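Below you'll find a set of structures to go through.
One chain, chain A, links the two complexes that follow: it is found with chain B in the first and with chain C in the second.
Right after this comes the complex of A and B.
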C-alpha cells in the first residue's frame, strides 16, 4: 500500500475518530510518561522519548481477572476479554511493538493463552518511529530491531516535521487506513526514500551495542562462573528491570476472596523477587540475587532463543536507565562474551 | 572534596586487614555521569574506588540486604567485618539499624565521608542526555564541574543539587571508624515548608494528589528494597498466609501498600531519600516520610539515627511520659 500523509493538525481529529475504540496513548502523569486509556484527544502526549512503563500492560495487564466465583457455588464466571472491545495503541515505539511479537510466541506455544491472544487480536498497533533515539542506552539495532522497525506494528508513523508519513503494514493497518481515509492525503513524492535515509541517520545515532552472536550457546557453560556474583553484588532485588521490560512476561496466579465472593487473578511476577522460586518446603533453588540475576540474563539470552529462535530483549534500554544501582545488561553481556 | 589517593590508600589498608571480608564503596558507572556501588574483596581492586557528588547511593542498605546461606556442616560462619563508606545521611542509617539490634557494632567498619552534597542524577541526565561518558562530577565552591569527552562544563550547584541535601543537618557522618576528610559544617536547615504546604491542603485535595501518584505505582518494591530501614527477613508484602496486602495492582492495594510502608518508617526513616530517588514512576515518597518525621520530631523531640546508643523511639518507654494524647 502506498504511504499516506497525515498532517499534524489532523492528529486531534484522528484521535477523536479512534476514541470510539478503547484508545491508548502515551500520557503525561506529572513528569512520567505512561500508556493509558484516554477519553479526550488532548490527553495524548506524542512528543515523547519512550514511556517509563512499556505498553505491554495493555495486552498483558499487570493484574487481570481470569474468572469470578462465589464460595460454595461450583459455577465459574469466566472473564470475556471480548468485552474490552477493539483497542488501538497509538504512538508506541517500534521496540515495544517488536517485544509484543516476541512475547506472542510464548503465549501461543504449548498452551494458547486465550486472554492474551484475544486481546492481541483485538488490538491494533500504531507505532511512531524514533527519529531521535529516545535514550543513550537504546541498542535495538544490536538485536535485529530498528528505530523505524515495522515488526509487530500495523501502522508506522514517521514524523516528517509538519506531518507524519503514514504507512499501513498489515490487514489491520489497512482497515485503520480506510477508516481514517478522510484525514489522510497522498504522500508527497520521494517521502518514502526520505524516510529511509532518516532511518539510517537514526540508526547511526544509536551508540551502544552488543554482538549477540554466540551468547545463547555460551551462557549455559558459564553457570558457575564468578561473574554472576560480581554483577549481582549491588543488586537490590527489586522488580524494576523485569516489570519495566517489554518482553518480561512472568506472572503469578492468586485467588482473592472477600465475604464469599472471589476471583482468580493473574498478576505480574518478577524472577528478581526473593519468593519467586520459594518452595512450600522453605527450600529456594535460587536462594540469592546471584542466581536470580543469572536467571534473568539466561532467560532472555539463552532459554528463550533456544526455544523460540529469538532473543527476548529488544534493546529498549529501560532496565539500564532505571536500575537504582546502575546494573547494566550490556556490561553483563560484554563480560559473558569475554568470559 | 575527599582526596582520591587518600581514599584508595585507606581502603587498601582496610581491605588488607585479616578481620575485614569486603569493602563497599563507589566506582564510576557505565554511562553518563553515573557512579555506582563497588564491592571490593582484594587490595588489588581499590583503584576503582571514587567519591564524588555522583555517589548518591546509600550503601548502608547492603549491610542488612545480605542473603545468608546456611553454613555447611563442619564449616565456621564468616564473621569478618564489612567495611562500608557512608556520607552523613547514610551514617544515620547505620546508627538506626544498630539501635534496632540489626547487627553488632563490631560487625562493621565505617569509613566516614564528610559530604558537601550530591547531585540529583535525573537533573544531570536531563541536562546532558547525550553524554555516553564516562563523565565525572566534582564540586568547586558553589558550582558543580562536569567533565566529559575532554570537555569541562560548570553548572551552579543549586541547579543540580539533590533536594535532600538542601535541608541536610548532618553532612558529616555521626558514626565512623575512619573519617576521610575534615568535618563539614552543616550548610542547610530544615523548615519543613514542603510538609506544611502539604498539610495545608484539604482532604479532597490530598486524596486527588495521592491518587494520581499511587495509581502509577507498579509495585516493583524498589522503594522497600533500597531502604536501609526495610530489612525484615519476612516482609508483610511477601506473605501469602495471611496475605496482608494483595499482589493485585490497583489504587486500593497500592494505597494500603504506601501507607503501610510509610508508617513502618515512623521514627525510623533517616531521610536519605533513596526511596524517592529510585522510584521509576516518580512517586514523591519523601513527602510521606517527611510528614511522619516532622510529627515525630514535634511530638517526641526525637530524630532517628543521630545518637549512637539512643533506644529506638517506638520500642522505648519512659515512666514519666505524659501520655496526654491518650486520655
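Right after this comes the complex of A and C.
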C-alpha cells in the first residue's frame, strides 16, 4: 500500500477514533514515560525518546489471572482474554515491536500459550520511527534492527516535521488505515525516499555497537571463565535489567486466596533472583549472582538463538541505562568476544 | 484448543506412606473426575504431570505408574515444601488436580529386545517404577531386567511390597541395598554405586537407566563407564524448579535445554557436555 500523510493536527482526532478500542500510548508520568491505556487523547505523549518500561506488559501483563476458583468448589473458571477487547498500541518504538515478534516464538513454541497469543491477535501495533536515537545506549542496528525497523509492526509512522508519514505494513495495518482513511491524505511525492535517507541518518547517529557474530557459539565454552565473577561482582540482584527488558519473558505462578475466592496467577519473574531456581530441597543450581548473570547473558545470546534462531535482545539499551550499578551488557559482550 | 494451564480435576482412590520421617514419601493413586479424560490421556513411562491444589499451588512430579496400569495414575511424593506438605494432608476421596502428561519419555520402543538395568536411589525409584512395570507387562519384548535399588535404611525403601514380589517372581533380577548395616537385613550393605559394581551387569545389548540423588548419579555414571557402558547406553532424568511445565516460564533450563519440555529423560550422551546439567 502506498504511504499516506497524517497531519499532526489530526492526531488528536485519530486517537479519539481509536479510543473505541483499548488504546495504549506513551504517557508522561512524573519523570518517566510509560505505556498505559488512555481515556483522553491529550494524555498521549508522542514526542518522547523511549519509554522507561517497555510496552510488553500490554500483551504479557506484569500479573495476570490464569483461572479463578472458589474454595470447596471443584470448578476452575478460565480467564477469558477476549473480554479485554481489541487493543491498539500507538507510538511504540521499532525495537519494542521487534521484541514482541521475538517473544512470540517462545509463546507459540510447542504448547501454545493461549493468554499471550490471544492478546497478540487482538493487538495492533502502530510504531513510531526513531528519527533521533532515543538514548546513547541504543544498539538496535547491531542485532538486525533499525530505528525505522518494521518487524512486528502493523503501521510505521515517521515524524516528517509537520506531519507523519503513515505506512501500513500488514493486514491489521491495512484495516486500521481503512478505518482512519478520512484523516489520511496522499503522501507528498518523494516522501518515502526522504524517509529512507532519514533512516540512514538515524542509523549513523547510533554510537554503540557489538558484532554478535560467533557469540552464540562461543558462550557455552566460557562456562568456567573468570569473566562471569568479574562482571557480576557489583550486581545487586535487583532484577531491573530483566523487568525493563522487552524480551524477558520469565514468569512465576502463584495461587492467591482471599475470603474463599482464589485465583492462580502468573507474574513476571527474574532469573536474577535467588528464589528463581531454588529447589524445595534447599539446593540451588544457580547459587550466586555469578551463575545468574551467566545465565541471563547466555539465555539471550546463546540458548535463545540456538532454539529460535534469533538473539533475544533488541539493543534498546534499557538494562544499561537503568542498572543502579552501571552493569553494561555491551561491556560484558565485549569481554566475551575478547575471552 | 485446550488451555495447557488448566488442570484436570481428579479423585484420590488410595493413599499410603512409603517411608517415615520428616521427608516422608506418600503414594497417591488418582483417577480423573471426568472419565472422558482417559480417552485423550496418553502418557508414557518417564513422563510427568503438574499435581496440585488450587489455593496452594502445583509442582511437577513423575507419573510413577506405567500406562499398562489402567484406570489410575500413581504419584509418589516426598514431603519437602509448601505444595508437597499440602498434598500429604490429602487422603482417599479427596480432590486433587493434575495437568499433563508433560515432558518426554523413556524410548521403550527403541529398547525392545535389549536387556535393561535400572539403578535407583531413594525417591529416584519413582520414575524407574513405570519402566519396570512396563517391561513386566510386556515381558516378551525385552531381554533381562535387572533392578538395583538402595536407600539409607530399609525403612527408607519405596515400594517395599513390590520389591518383595519382584524378588520372588523370577521375571527380573532384583538387588537391594541399605547404606548402613542393620539387623536382619539379608541383602547388600553399602551404597548403590558399589552394589552396581557387585552386580556388574554386562553392557552387551544393554541399556542402563539411573535416577537418584545427584551424588549417587555421579558415581553410578562413573561406574557404568568402568563397566563398559557408552554414554548412549545410559539414561537418566534431570529435575529443576518448574512453574509452567510447558517450556515458557524459563526457570528449568540447563543450557539451551528446557527440562520440562525436552526432558526429563536424557541419555548421558545428550547431557554430558552441558555443565549445568549436573549443577
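Keep in mind that, in the parts below, the second predicted complex is superposed on the first by the 339 of 339 C-alpha atoms of A that agree within 3 Å, B and C clash if a C-alpha of one lies under 4 Å from a C-alpha of the other, contacts with A are read in each partner's own complex, and residues count from 1 in each chain.
Keep this in mind: a contact is a pair of C-beta atoms (placed from the backbone, for glycine too) under 8 Å apart; a residue touches a chain by one contact, two chains touch by 3 or more.
It should be emphasised that the depicted structure is a prediction, and the values quoted were computed from it without experimental measurement.
K.L.:
Should chain B and chain C be called a clash or a fit once both complexes are overlaid on chain A?
P.N.:
The answer is fit.
K.L.:
Could you look at A:254 and tell me whether it touches chain B, chain C, both or neither (first, second, both, neither)?
P.N.:
In the superposition, A:254 contacts both chain B and chain C.
K.L.:
Tell me the contact category for A:110 with respect to chain B and chain C: first, second, both or neither.
P.N.:
In the superposed model, A:110 contacts chain C only, not chain B.
K.L.:
Mind working out whether A:271 is in touch with chain B, chain C, both or neither, as first, second, both or neither?
P.N.:
second
K.L.:
Once both structures sit on top of one another, what is the angle chain B-chain A-chain C taken between CA centres, to the nearest 10 degrees?
P.N.:
Spelled out: centre of chain A as vertex, angle of 90 degrees.
K.L.:
With both complexes overlaid on chain A, does A:9 touch chain B (first), chain C (second), both or neither?
P.N.:
A:9 sits against neither chain B nor chain C.
K.L.:
Pick one for A:207: touches chain B only (first), chain C only (second), both, or neither.
P.N.:
Touch status of A:207: first partner only.
K.L.:
Applying the document's definition of touch, where does A:326 land relative to chain B and chain C: first, second, both, or neither?
P.N.:
first
K.L.:
Check whether A:135 is in contact with chain B, with chain C, with both or with neither, and answer first, second, both or neither.
P.N.:
After superposing on A, A:135 lies in contact with chain B but is clear of chain C.
K.L.:
Quick one: classify A:63 as touching chain B (first), chain C (second), both or neither.
P.N.:
After superposing on A, A:63 lies in contact with chain B but is clear of chain C.
K.L.:
For the superposed arrangement, tell me the lowest C-alpha distance between chain B and chain C in Å.
P.N.:
Comparing every C-alpha of chain B with every C-alpha of chain C, the smallest gap is 7 Å.
K.L.:
Do chain B and chain C land on any of the same chain A residues, and which?
P.N.:
Residues common to the chain A contacts of chain C and of chain B are 252, 254, 269, listed in rising order.
K.L.:
Across the complex, what residues on chain A touch chain B?
P.N.:
Going through chain A, the ones touching chain B are 29-32, 34, 52-53, 62-63, 135-137, 207-208, 230, 233-234, 236-240, 243-244, 252, 254, 256, 265, 267-270, 273-275, 287-289, 320, 322, 324-328, 330-331.
K.L.:
Using the touch definition up top, name the residues of chain C that touch chain A in the complex.
P.N.:
Checking each residue of chain C against chain A gives 1, 3-7, 9, 33, 54-59, 80-84, 95, 97, 239-241, 243-244, 246-251, 253-256, 261, 275-276, 279.
K.L.:
Touching chain A in the complex: which residues of chain B?
P.N.:
29-32, 34-37, 39, 57, 61-62, 65, 67, 69, 129-132, 212-213, 215-216, 218-222, 224-226, 238, 240, 243, 246-250, 274, 277-278, 280-282
K.L.:
Where on chain A is chain C touching in the complex?
P.N.:
66-67, 69, 71, 74, 76, 78, 106-107, 109-115, 220, 223-224, 249-255, 257, 262, 264, 266, 269, 271, 276-281, 285-286, 291, 295, 298-299, 302-303, 306-307
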